[in-house]
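You will see two complexes here that share chain A, one where it goes with chain B and one where it goes with chain C.
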Partner chain A sequence: MNKLLKKSLLWSLAAITAMGFISMGCSSNGEFGSSSDAAQKVYVAPGEHDEFYGFFSGGYNGQMGVYGLPSGRHIFTIPVFSQAPVNGYGFSEETKAMLQTTDGFIPWGDAHHPELSQTDGETDGRWVFMNENNTPRVARIGLDEFKTQEIIEIPNSAGNHASSFVTPNTEYVSAATRFSIPMKEGSLENMDVSIDSYKENFKGTISFIKVSDEGHMSIDFQIMMPGFNYDLSHAGKGPSDGWSFFTSYNSEEANTLLEINASKNDKDYIAAINWKKAAEYAKQGKGEMIPGKHYRNYIDHEEGGIAKSEVIEEVRVLDPRKLEGIVYFLPTPKSPHGVDVDPTGQYIAAGGKLSTVIPVHSFAKMQDAIENEDFAGEEQGIPVLKYDSILHGEVENPGLGPLHTEFDGKGNAYTTAFISSEIVKWNIEKTEVVDRIDVYYSPGHLMIPGGDSENPDGKYLVSLNKITKDRYLPTGPELFHSAQLIDISGEKMELLLDFPTEGEPHYAQGIAAEKVKKNQKRFYEIDDNNHPHATKSEKETKVVRDGNEVHVYMTTIRSHFTPDNIEGIKVGDEVYFHVTNLEQDWDVPHGFAMKGANTSEILVMPGETLTLKWQPKKVGVFPFYCTDFCSALHQEMQGYVRVSPENSDTPISYSTGQ
Partner chain B sequence: MDTRNRILMAVAALMLIGVYFTPIWSISMEAPQYPEGIGMNISIDNIEGKNENDLQNINGLNHYIGMKEINPDSIPELKVMPYIFGFLILSGLVIAGIGKPKWILFWLGLFVLFAIAGLVDFYLWGYDYGHNLNPDAPIKVPGMTYQPPLIGSKQLLNINATSLPHIGFYISLLSMSIAGTVWWRSKKD
Partner chain C sequence: MSQITKLSGLIILTMLLFAACGGSGEKNESEASAEKEEQKLTDFEMEHGIGPVDEEIEIGEIDPELAKEGMRVFDMKCGACHKLDSRYVGPPLGGIMNVRSPAYVMNLILNTDEMRAKHPVAKSVTTEYPTRMTNQQLTREKARAVVEYLAQESQ
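== the complex of A and B ==
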């Protein structure tokens, strides 16, 4: 080997090494975005509050995570569709009814899309709604107490995915079936038919849930739809107020191997629903009342905050083949996922997940086409508009697998691209990409506070990523999902922060903290406690036997239970501990746990009454104690129950401090 | 006494009506766990929390050190004081009517005596609450007593207690000084 060759070899080695270093430093994982500058932007000093609340669905944990933004701190989890031993939600006698359905008690749910209530197209901080996909339901969470206050079941639906999106004045929350099922013409009863009779028998429904000023939810009407999969939705606003848009896929009506068989058509549909017109029809008594048994579970504030279930037998169903002008199909490439209406209400962007462009429909053009009956044809009795007549434009080169879009209120849209793992910023008027940023990894939804309302706070964007891999310290095969905070206040997007999220947040909502903070309850007034088993002072505590039912009227105050010695309980009894927390100060809950109880503890807020049911199975003396470190003498906050044999005659007695 | 002084004396008497509507003294307590503070206001006929449930919460804290429950119903002075101020208002008006400066001096003397008696009484109550502790108290710190300061601040375990006059007290002071001025100006007549 001559000198020259050696030299050149060395040089090229050096060059390769240098390139390696450069590319390592050059952020294959976004590190360069996380400079000290970024750290400052997300730093919330000890004792300071975040600027925004973020409400993230918990996906398959069935709950809702509450995060502070920009810090990304996880500040609370609201139990919604799943039992929560953390405070006894779904376990305590008072909350069990919240999880009742026509399939009985269901301890789990798959939570997807939180949506804040709106007034005049703007988030108002009263409630946040969230849908459950598996057992079709919609929940309403009160943001005065961060508690699930109502859950309504959706009949004639199988898989409630395109939900829970609100209209600009929270007139309605929408729901739509993800999995069409065979439904009898006329009664919409599920049918015992061969699955491959899909095309003949399977149908879908879209539901509009009316929300009263107090938050009471009731299904105003359902619209019969062809048997597609309804995926996501958003209501129109401004000029398009009165309309809602639902994406559908599987217009092929396949019933097996959908990944291939539902990906054949070049275009599927966005269903444009004129809900104002449909609501008028419903008001006029049009359509049909058909059997549609469903549960409405709600916290009864008139009676101690105890959850009650109401069973509703019928539902109004509108058939768009008979009632003109309520549904139109907008052809949209290709198996569209998200459908998002820009803040001005003029444009409807679709995330065609297999499409190479982002199609943007024009609401004005859509209206003209409807007016001029400029139809391409019909799909199962529903008019189909012409793609070219309603198109505002197509965003070229939007990344691979575009899914969801949110808006900054400054004329820009931001779309997640799942496959190419990036967020693409594009100009709505020009339908041109203006910036893009890599995210880690594979974003699903994204969220800008108010980003789907008429008035977005276009400062931060959260990318809700589906794949975590190496972003945090490894925790074995199962990982939390990862969210990333991106600064969108400037021309260029800037990655600020990674933060882990519980469960699998699908969608999220954000709101200026001030709108929510001002309504916060700190505790419940003991004088307003109207629970039938409340005990408002230690003097009123008692133990009452009624056959084999024993009711213990118990109080808690730092640092003791009254009574704390109970005798006369027998094996086979059903013992109900009605625990009232007498504290009247912020953040002084007391917990209650009973040895051997086949349920969770209960965590009782100041002024509240909760009930734990215990069926003692063994003879002896059993302790109970406070599970919340309430005070310096928390460890002393305990008591005993003596359990005698079934046929014994130990009299009921109880005391504290004797 | 000329008319102006009579009117001023009547004002000195009538302004004491304000004492019925404002606290005369306040005790504020600060501790890390109470970032927004907790405390009580003492008025001539009541002891109330600064916020709705403060008194209950103060009693809750005090039970750990064995302090007696602060219960306004069990303090007889709170029943008597409204009558004392009633007497001061009425007699002040009568004196304004009679117009004899010497009576003002007498009225002032009585007022000051009441005030001193009130402060002594307040001190004694504070002493009793702070020293006369339940021997079964969970928290017993040798040598520690919990008498709140009569005026000023004092650290009591984790709590810094600050005791200060409130508006009612200042109204009384103003009333005294107006009456004093009236006496000073009219005694030369």
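== the complex of A and C ==
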């Protein structure tokens, strides 16, 4: 009996242990996380919404990925700097101009840092900005329709990396050149000189883009800078509002094998820019207006929804050697990458890629040093402060390769360590590490919703990892980048979720869904459609020939096109299908694809008009059809165009249902 | 014996784990309640439809301005599927005001999905046409104007 009791006790013990393991689960890499707990925390039941939107740059895909958090569900991709066949962005006649630059039409971009607009230092859900590195540009995306509404090109810049960071009331979006190039003194014109004349000729610029109440962007001023590489930035806030901080590396001014030659100096610089003072100088007309041709492309649905390009010929340039008090250099160890200002605005943390500590500068000490002219010297005419005079503290043992820092609003900072693949949590006042967690693998940026604002939502952290390796089913040599969601609500960080991301997210931003959801457009009122080629009823549909240009004014509704039989088109014509979607229901776009068109389909939102251009090359009858499964009779949603030889006299005719 | 005890312990555990899931049969309940609701339609709803228009709409002498606005809205939001004189994607509407009340037509325009799901007349028309009527987001004022236009055309 006794024996039996003992046996069954042992058995139940084993069962409980087994149950424990079942409920905890085992993730790869030997992570015995409390997975059931984690699963509950990231579980968003069918039909329920996530608590946060996450906006992730797409890196070399040029777009912006939208993810729900905490589920990690990929809910949308916003086309920004690259053509997108998914809806015709950059292909349709209405959107082509968005990708126009002084180098002509560029179908691709390298998107890096999304940044939400802010009011009073807090994310406000109006817009999200994003920079493009390769052809220097900044985009503004409207969060009412999740569409790119404006793109401005940055002149006198050779790689727009330290961008698009906003000031606390979105007065400005900043942009600084990653690559310096030879610039003529005075005109900043690019020069035909030997590359090894770097030290003599190469310079950089930092631009401040003014944002109007409606969101329109214009370059207010550029500041001429020494020929370093400018890497990242963040604006000050609270006591440091009015300042922006930019990391630089390559203070060695090397022009070859930078991994060795730009890693020699013990310290590079953070450039502290007094943008308020610079803006005053600009307002007073100080500095020089110089040639600086750049495009501003914008699209406004209310103005007809056709992108317009504006060419701006000049730009104001401020020279900090002549205009006192706008730039100071803060010596910062070993090629700093990220620069992040804590929510109180008192501290400036830098991630030195090769540094063994995280230096934290004090804004108050920086100001004292400036006031007392406590300078270590000058660098190309710009005052350099003393490291020890401005230092708040150094975080010891922060992991290898510290890169970027975000904040939880509870006195803690979180820094990614690229080389040691971990996130390190540290106390800002004490500059002491309090917790660390492994991530898989090699994190670049990290994101806490509102984590670079004055008011972070310190609940979740997303680690944006550069290396994926074995985290998902293998997909050949190329893998989606891995992101990981970490619970930061408690003292110990807890890994909750892996999720794949498109392209290469560099930075990301998060915002409480409530701030964005309420402003969502569901359709465009057809009565307010101001497109010059809109067709607001089937009665107005027509086909008009003008020389070899043919304009088709077409409508769609479930489940037919009007007209759907078109004749009289000839080889060599340029046919413009202006398709207006008469639907007024949420989520009922119609697509339009034409056989042989050298462009993508267009996806027309309810109440919208988009135009597809087609140049028929062959004689015959060619079908077109709706690409978006719109209704039970979607497969019936089709039509034909008859194409006659170039010299034929087939008259234009069109109809539906006859 | 003790083997069986052990096994039954496991079986019970497994059953407990599975018992946590449930929730089938919900659909039947909602279908049943939809039927009930249909049976519950009031005399007003039977004649004038279900929706925001909960009082009779009287159309007296045609207001030509209102009818003109109604025609504009009809062409833009309805005309892609409805003709006045012939069957198209939807039924012809030239004489509609002779067979339906103004409130019924307004409710069908303004509350399309519920009308199509619950009102026996709307349901039976729906079965005759392969394409489902869509909600075109008219305001009540615009729907009223459309009805004025249709009344004019029904004379």
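Please note the rule applied: the second predicted complex is superposed on the first by the 624 of 658 C-alpha atoms of A that agree within 3 Å, B and C clash if a C-alpha of one lies under 4 Å from a C-alpha of the other, contacts with A are read in each partner's own complex, and residues count from 1 in each chain.
Here is the rule we use: contacts are C-beta pairs under 8 Å (C-beta built on N, C-alpha and C of every residue); 3 or more make two chains touch, one makes a residue touch a chain.
Note that the structure is predicted; figures quoted are calculated from it, not measured.
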When the two structures are overlaid on chain A, which partner does A:Ala632 contact: first (chain B), second (chain C), both, or neither?
both
Determine, under the contact definition given at the top, whether A:Gln380 touches first (chain B), second (chain C), both, or neither.
neither
Larger residue footprint on chain A, choosing between chain B and chain C, goes to C
In the superposed arrangement, which partner chain does A:Ile557 touch: chain B (first), chain C (second), both, or neither?
both
Output check: A:Lys536 vs chain B and chain C. Expected answer is one of first, second, both, neither. What do you get?
second
Using the touch definition from the top, say if A:Ser263 reaches chain B (first), chain C (second), both or neither.
neither
Partner chain in contact with A:Asp585 - chain B first, chain C second, else both or neither
both
Per the contact definition in the header, classify A:Ser389: touching chain B only (first), chain C only (second), both, or neither.
neither
Do any residues of chain A touch both chain B and chain C, and if so, which are they?
557-558, 583-585, 632-633
Contacts from chain B onto chain A in the complex sit at residues 52-53, 56-57, 60, 64, 138-139
Quick one: in the complex, what on chain C touches chain A?
2, 5-6, 9-10, 13, 73, 75-77, 79-81, 88-89, 130-132, 134-137
If you look only at chain A, which of its residues touch chain C in the complex?
4, 7-8, 11-12, 15, 19, 523, 525-527, 536-539, 555, 557-560, 562, 582-585, 588, 631-633, 657
Chain B partner contacts - residues on chain A that touch it in the complex
557-558, 583-585, 632-633, 636
